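Here it is, the structure, as structure tokens.
Per-chain numbering from 1; labels A, B and C assigned in written order.
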Amino acid sequence: MKNAADPATAGIRFEHIEKRYGGLFALRRVSLEVGAGECVALAGRNGSGKTTLLRIAAQLVRPSAGSVKFSSNVAGDPSWKPRLGYVAHATMVYDELTAEENLVLFARLEGIANAREIVTALLREVGLMERRSSLVRTFSRGMRQRVAIARALLERPQIFLLDEPGTGLDPEGLAWLAGHLQSLREAGCTMLMSLHGESAISEVATRAVRLDAGAVVADASDGAGMRSILTFAGA
Amino acid sequence: MSLLSNTGVLLGKELRTEFRSRELLTTTVIFILMVVVLFSFTFDPTSTDSRRFGAGLLWLAFLFAASLMLQPCFLREQTNDTLSALRLAVSDPFAILLAKLAANTLFLLVTELLMLPVFSVLYNVPVLPVLGRLLLVFFLGSLGVSIAGTALSAISAQARMRELLLPLLLLPLLTPVLVASTQVTAGLLDVAPFMQWKGIGFVATFDVVFLTALWLFGEYLLEE
Amino acid sequence: MKKQSAGAAIVVVLLAIAAYAAFFIAPTDSKQGVIYRIIFLHVPCAETGLVAFFVCFVANVAYVLKRNAKWDWLGVSAAEVGLVFTTACLVTGPIWAKPVWGIWWTWDARLTSTAVLWLLYVSYLMLRSLLEEPERRALLSALFGIFAFIDVPLVFGSIRWWRTQHPQPVIMGGPGSGLDPTMLRVLLFCWVPMLALMVLLMHSRYRLEAMRGDLELVRREAEAA
């Protein structure tokens, strides 16, 4: 996406993140650094803490201990927050509104100027121009995923967080998403995505990290290492 | 974006969603209609009795209707986790609450205004002479109900048995609004109508106090 | 354990002294006879309940800001103890009213407000019972507790105003209204053992909640392992 190029690219650092729900540890002292421009695939079984880590990164969940820090290649304000995009299992859009209405709503909330033009361009980008005036309720799973991704891309995120983005997509949808993520990565967007096993999407990753029972157990940037992390955790 | 503009955008969304389906308004109006008719069986609805009990009947009907109407407020944000999307998009989470309470106040007022002529006709109580002052107490009372109701709806949406829980939490909390609004309304529906500004004062105070509390603690209500 | 027993002993002594004072030191009321002595139980219970609810409010605010479980334990302890004293107040009210006025409930302003207060804190406990996850339960009940407590002055104020529009028999008058100075002194003294009892009960309840919290922690960790 041509608008994603930004002078400042952002990194994200998790420092000793702990998340407890009662006595249950969802995350145990996770320390992880995702450098600017990296695309990290998070692998792990259900319940390993992937979703929790992503939601903490998105600042939707408070960690019980530890902190999340953002860095940019442009020196300055330590309290600077990058533009975050987040795609989850849920679509996070309103079924009772049309695709266009949803995107315009979020664009206006985020204070994006020329909301309508940007939304039209985005709809074209994700291939939803013909269905833009249809209620999201009438969309297939794949189309809803496209609206969700469009919503996340509204702000031209510097850090893109995705929680199992391929779920429910057919091979064509997966290929489309992988292509999209590839161009985002090439434009310098930092990405952290949780995945189940290898797929067209995991090909985009430059590094793989495996979580098990809330802790980091493997971390690799080489082909073989990444493959082993992704396939083992596909179980 | 600023608090006010975010609130405006979100209020627009709430209104658009509701006017598209009109589910909430329709069911609330029918509910109040049923209550008003059923209440007539519990006492002899001649004019003098109506003036004495009418105010209480109206406000009880509004309160019960509100505790039903407020249920979907945050539940509908859970369906697709749109609450998270809103939290990510807005700079001040108070905008989310402010928009919802404004929408709820509006919906309540609309149903109250639709009910007023029906009540007036069925119970033979003239309301036109005091309409302006009646609207004032309806507005302030509905605002109070919405402020407390929106906050408690956010709380109960995360608990079990939420449909029963919301009225359980809401009704005792709204006692000052019920007591003061009923008193003021009773004065206005009297044969010789009179305005009780002290009652208005109580309701207005409730509104200010709870709006401030919502502003101070609202972001914690939306926390995950 | 020793501190607990010592505390209990002190409370028992204070209660004994208060009972003696209520029955033998305070003079007999010419109009109402011996039944009026229930005032030495009724009013301190009401006031102590309010103090407990205030402690609950402080604990609630502290939890929301600090997120330390101890504040949640204090909050629920204070709410439960407050409810006990409030119930005692609501029960002694009609016990007094029946022989004196011939009816159980007179919709007296303070008693009616106390009844609403009771409902509010019963709702607080009800909310807690319907939230399973400890941190959710602590946060959401703390927020409700805050709303409930700031409502209290509004409840009392609006109901008092309502009653001025429709005067009804007042249970025991306001504090100090028409009370003999000795009676007043005894009344003020009776507050002390009530507060001491409140502290004792809150402390016990707090320790129980703390133990439950620790046990829950251990149990969940064992399950996860």
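Definition applied: a residue touches a chain if its C-beta (ideal position, glycine included) is under 8 Å from a C-beta of that chain, and two chains touch if they have at least 3 such contacts.
Nothing here was measured: the structure is a model prediction, and the numbers come from that model.
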Averaging the CA atoms per chain, pick out the one whose centre lands closest to the mean of every protein CA shown.
B
Centroid comparison with subunit C (C-alpha atoms), farthest chain:
A
Using the touch rule from the top, work out which pair, B-C or A-C, shares more C-beta pairs.
B-C
Just curious, how far off is subunit B from subunit A if you go by their C-alpha centres, in Å?
39
Could you please state the distance in Å, as a whole number, between where the Cα atoms of subunit B are centred and where those of subunit C are centred?
31
Once you find the CA centre of subunit A and the CA centre of subunit C, what distance in Å lies between them?
51
Subunit B, residues touching no fewer than two other chains:
223
Per the touch rule, the subunit A residues reaching subunit C in their complex are 20-25, 213
Complex interface listing, subunit B residues touching subunit A
1, 5-6, 9-10, 13, 16-17, 20-21, 79-82, 84-91, 223-224
The answer for subunit B against subunit C in the complex is residues 148, 151-152, 155-156, 158-161, 165, 168-169, 171-173, 175-176, 179-180, 183, 198-199, 202, 205-206, 209-210, 213, 217, 220-221, 223
Of all residues in subunit A, those that touch subunit B in their complex
55, 58-62, 84, 86, 88, 90-97, 101, 105-106, 108-111, 151
Going by the contact rule set out above, which residues of subunit C touch subunit A in the complex?
133-135, 216-221, 223-224
